[in-house]
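Common to both upcoming complexes is chain A, partnered first by chain B, then by chain C.
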Partner chain A sequence: MSLLAVRGLRVSFAGGRVPALLGVDLTVRHGQTVAVVGESGSGKTTLARTVLGLLPSSARVLGGSVEFGGRNLLALGERGMRAVRGRSISLVPQDPTAALNPVVPVGAQVAEVLRVHGLASRRDARRRAVELLEVAGFPDAGVRARQYPHELSGGMRQRVLIAAALAGRPDLIVADEPTSALDPTVQRQVLDHLTELTRSSGTALVLITHDLGIAAERAEHVVVMADGEVVEEGPPARVLDAPDHPRTRRLVADAPSLNSTRLNSTLLGPSSAIGETLLDVQGLTKVFTSSRFGAARKRITAVADVAFTVARGETLALVGESGAGKSTVARLLVRLEDATAGRILFDGADLAALRGEELRRFRRRVQLVFQDPFTCLDPRYTAFDLIAEPLRAFGLDASPARVHELAEQVALPVGLLSRRPGELSGGQCQRVAIARAVAPGPDLLVCDEPASSLDISVQAQVLRLLVDLQASLGLSLVFISHDLAVVRQVADRVAVLQAGRIVETGPADQVLTAPDHPHTRALLSAVPHLPRREPA
Partner chain B sequence: MKRPGVVLSLLVLAFVVACVAVPGLLAPTPPDRIDPLVMLEPPSFAHPFGTDQLGRDLFSRVVHGARMSVLVALAAASASLVVGALVGLVAGMLGGWLDALLMRAVDVLLAFPALLLSLAVIGILGSSVVNVAVAVAVAGVAPYCRVVRAQVLHVRTRPFVAAATVSGVRPSAVLVRHIIPNAAGPVLTLALMSLGVALLASSSLSFLGFGPRPPDADWGTLASSGRDYVGTAWWLTAFPGLMVVCTTLAVTALHRAVARR
Partner chain C sequence: MRRAGFVLRRLASAVPVLVAVLTLSFVMMQLVPGDPVQTMLSGAGPAPTPEQEQALRHQLGLDRPLHEQYFGFLADAVRGDFGRSVQTGEPVVSAISAVAPASAELALFALVLSLVFGVGIAVLGRVATGPLRSLCHGVPVVFMSTPGYWVALVLIEVFSFRLTWFPATGDAGFGALVLPAVTLALPAIGVIAQVLGTSLAAVDAEAFVVTARAKGAGRWRVLLRHALRNASIPTITLVGTTVGNLLAAAVIAETVFARPGLGRLTLQAITNHDIPVLQGVVALLGVLYVVVNLLVDLCYVLVDPRVTADRIRD
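On to the complex of A and B.
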């Protein structure tokens, strides 16, 4: 018998004007792990929220039913749902930082679940919380339980939430992108814990994810959603290996994987010749000093003795976990930060020597593509103004014709140029940001995780765009990413950063297939694996 | 009519603006015409707010007094805004010892109750309408310094500011094009609220006798001169006071509506 049966569920936002779910069916059996995959906007999160009775007030359920253990959850109302949530169905949310109360120790937050459902007395709950944290992978659970969320890492926080989700011994856990905010190695640990615990306790798991690799590795059943509908479902081996529906096929094709090869420009064929050295970084070191009154000065070494070179037309990928110093290197390369020690030679000239107007003119040659396309664009200006800004700043041709040309270069429809960033999608914003970066005609483009905040299919488009631009403009790229599967698609050479130091560097083929350093191996083994047939 | 409070506030403010712009149209009786036949008359159809001890029409005096009250409050609030924004901008952009110095000075200003500070300024400068505006402006400058500085510090770290720098935009242009427009929102909201506060403060100073000299009168002096008759002619203090309260409330309600948006 099925545990959860969603039938013909229709939900819409804004008083019925924005449909979100158009008749969705979903069945979950006791103890089963079901992955719901799809792009953002496909309705996966709306589905999860409907099941939990956590829809925002602007949403309306227009039809269908959600049967859980024989009861229709839609008929329960808020009071009834409160007894269900945490007790019978619980949630592991996406962002562990936002989901924990910052002023309450984590042990108390786990104990709260037991207390509100009357499963334990105050003292009992505290003891049980420690046990639950122990099971969730904290060897020193007694100490951790008294700590506050800010004293734990992102992975630990997510494990706390998993402990809280399991506290009421629910029959079903809904995990909404539980690891998309985490590093790949941490992601693996957290998913291991989650799947192991649900399996051993016989809890069913609905795993919502945009990462097909995770779905393939962890689920017994995969449901693919697109535009508010289920377009395909079945066992992962069947759905992801031999997809029927065109949307599934596109998802699978766009998912980066370690098995893929470097993208080549669609315009010019295999990558153009790599020239002489453009960028030469020697002994680069950055030490941040916290300067607070009264407190002893704390020195944090973000980047230590980093050295690499980039040739004209070449792509060097800097990979590492968050906190490895990747973004600091990016900011040093474009002189948003000054190096503590070491030299950055660009085309033979030392960057540290540049001041004022000289520095400003240098910026024409080295441009940065930021991680988050929404925050790197001033929300008050239109796409047209944003693309024209660097042209005007460097005294270049900023005519509408030139701006339109740039928009076409990044495949941004000219009709969107009158819109502001808030009215554009993430992918469109990133195209505007890339157009800004290539506008002054740089030699080197530093890309700091340019696609990591985007959907898989949009990510694939942005990566292809970067590769095409590189070929047509003869750009050198420094490509920063934590995602080795993405790096596989764009990099000629790879440098692996760990705690501010480069631990391994070499040609992409070599580093990503036969790594020397244990850290590189750990990063590689953490990449979720998507079974894939050889491209026909 | 989803928000009756906002509509009511706008109506009150429209009346006040009309008083400031065309007082003669609203109250055709000259405010200083003395009529011994109707001394200390209670509100009636001919004299909606009653008359004072010299038989002057109080409604006309209140309508004509609006200009002085509102202009002093506007001048004070604008001066606070300009000076406070400049100080906040300098502190936020330059940082370091200058920031520390300016912010400690602001702390000192905040340490005194606003009215006490205004009285001290008047004590130094002497009493006149202009000095009332200056005194109110000095007392109101500190919140602007704080808010503008906090906004600048916040906006400065937003990625689009770094992006503009990388795009070769000159530092002065980054300030004008990106930092100031994005920092302005909460500051303008604060300006609306401080307009109400300035009206209350300048009326208080006038009430204490530092405002315009007779026969000119703003709402504060009107309420003050009615004090001697408070037992027999309540309308002399009630109506000017009511105007101050209603205008301040209307501005504050509007501030809340804007701030919530």
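On to the complex of A and C.
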């Protein structure tokens, strides 16, 4: 008998005008792990929210049923669902930073489940919370329980949320992209914990993810969603290795993988000649000093003795876990930050020595693309103004014709130029950001996780765009990412950062297939794999 | 430990603020048009002789060089001596301390009313449904936009003259406190309810609220345990400035309701060019602002554990 049986579920937003689910079926047996995969907008999160009875108020359930343990959850109402949530079905949410209350100690947030459902007295709940944190992988759980979320790392926070999800001994856990905000190595640890704990307690798991590698590695059954419908389902080996449906095939094709090769420009064929050295970094070191009045000064070495070169037309990828110093290097390269020691030579000139007009010319030749396209664009500007702004700032031709030309270069429909960032999708915003970056005609683009916040297929499009722009404009790229599968697709050479130092550097083919350093090997082995795949 | 250090640092930083307040009040009084000695002697009676003027000038220390006057003023102020009222000859400190309790009573009661009803309306506006919800959303704007003197007159008309529940004037007992306190509190209630309501709505959209609901927590638990504390920081800042506004608005309330208090004392001092009294009041307000701001900062620390955390970019 099945534990959860969703039948013909139809949900829509905005009073029925925006359909989200168009008759979805989903079956989960006791103790089974089912992965639901799909792009964002495919309806997988809406499905999870409906099962938990946590749809936003703008959503309406139009039809279908959600049978759980023989009861129709849709007929229970808010009061009835409150008894189910946390006790019979619990949630592991997506972003561990936003999903924990910042002003409550984590132990109390785990204990809350027990208190809400009357499973333990105040004192017992506190003790049980420490035990649960221990099981979730905190050796020093007693101390951790009294700490606040900001005192824990991202991976630890997600383990707190897993402990809270397990606290009520539920029959089913719904994990909504539980690790998409985490580094590959941390992701692996957290997923290991989650799958181990659900297996040992016989809890069923619905794993919602856009990462096909995770689905392939962790699930017994894979459900592929697209546009509010289930388009294909079955065992992962079958679905992901020999997909039937075109949408599944596209997902599999777009998924970055370590087995793929570097993308080549669709315009100019294999990468054009790599020229002389453009950027030469020597002994780069950055030490941050906390300057809190009256407190002991702390010195944190973010970047230590880093050296690399980037040639014209070449892509160097900087990879590493978060906190490895990647973003600090990016900020030093574009001189948003001054180095404590070492030199950065750009086209032969020492960055630290640039002043006035020379510095302005340098700023024009080096541009930065940020991770989150929403937060780096002024929400009150239209796309047109956003692209025209750097042109005006450098006194270049900012005519509508030039802005349209740039929009076409980044494949942004000209009709969207009158919209503001809030009215554009993530991929479209990132195209605007890239158009801004290439507008002043730079020689070097520093891209800080430019595709990490995007969907797989959008990510693939943005990566292709960067490769095409590089070929047609002869750009050099410094590409920062924690995602080695993405790096595989764009990098000529790779430098691996660990705790501010470069531990390995070399051609991408060599570093990503035959790594020397144990840290590189650890990073590589943490990347979830799809079952065997032909190189794209 | 960290909290103790935080308090000490904030207390230390209050010293230069207070010196700045005293300096400003000294400078302002120098810039005020008109000669205090002329004003003081310009009452009824025969025109003062130059000797009389000279004597008064000497008595007030106004014939000394400016920097001596300034340091003398600072030294006296530190000892709590602001001289005597030009008008009554009473020491400034005793003139202020005679009316301060009445003002403190009024401001405190008004503050309690603002907090209870402001927070109450904001919370009710999140939980209630139907007409009560609309009422909770509409009332704050009405409260904020009604002028104090008009509210005061309406309250007197209705509650003193028609219903005779509360006295219209004076400071006899708790009953006399109610109408002026309500007059003062209404706009503050409106602002607090508005700001807290907006913050609560914003926090409601946060991911940790979904987490709490996914644990099975009910509406009230989510609101009181999770949303309220996270939403309270802007409101705490606001309450800090509200205390200052209460003192300013007290001028109107104390005049309309004929209550003795700091507001009326200040008004009289201004009309009579009573500079020592004004300097005393300004110094007192400066101390009050510093203390209130310290309390506000302490509330931040209690409400949000991240406030004292070192912020170092990774």
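FYI, the second predicted complex is superposed on the first by the 532 of 536 C-alpha atoms of A that agree within 3 Å, B and C clash if a C-alpha of one lies under 4 Å from a C-alpha of the other, contacts with A are read in each partner's own complex, and residues count from 1 in each chain.
Basically, a contact is a pair of C-beta atoms (placed from the backbone, for glycine too) under 8 Å apart; a residue touches a chain by one contact, two chains touch by 3 or more.
None of the values given here were measured: they were computed from a predicted structure.
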item: Fit-or-clash call for chain B and chain C when the two complexes are aligned on chain A; value: clash
item: Chain B or chain C, by number of chain A residues touched; value: C
item: Partner chain(s) touched by A:Leu368 [first = chain B, second = chain C, both, neither]; value: first
item: First, second, both or neither for A:Val84, with chain B first and chain C second; value: second
item: First (chain B), second (chain C), both or neither touched by A:Asn101; value: second
item: Which of chain B and chain C A:Val414 touches, first, second, both or neither; value: neither
item: First (chain B), second (chain C), both or neither touched by A:Arg436; value: first
item: Chain B versus chain C as contact partner of A:Ala393, first or second or both or neither; value: first
item: Partner chain in contact with A:Val113 - chain B first, chain C second, else both or neither; value: second
item: Residues of chain A contacting chain B in one complex and chain C in the other; value: none
item: Residue ranges of chain A touching chain C (in the complex, touch as defined); value: 52, 54, 82-87, 90-91, 93-95, 98-104, 109, 112-113, 116-117, 148, 150-151, 161, 164, 168, 288, 290, 292-295, 298, 300, 302, 322-323, 328
item: Chain A-touching residues of chain B, taken from the complex the two chains share; value: 158-160, 162-170, 173, 177-178, 181-182
item: Sites on chain A touched by chain B in the complex; value: 331, 334, 336, 360-361, 363-364, 367-368, 370, 372, 375-380, 389-390, 393-394, 433, 436, 439-440
item: Contacting residues of chain C [partner chain A, same complex]; value: 5, 8-9, 206-208, 210-218, 221, 225-226, 229-230, 303-306, 309-310, 312-314
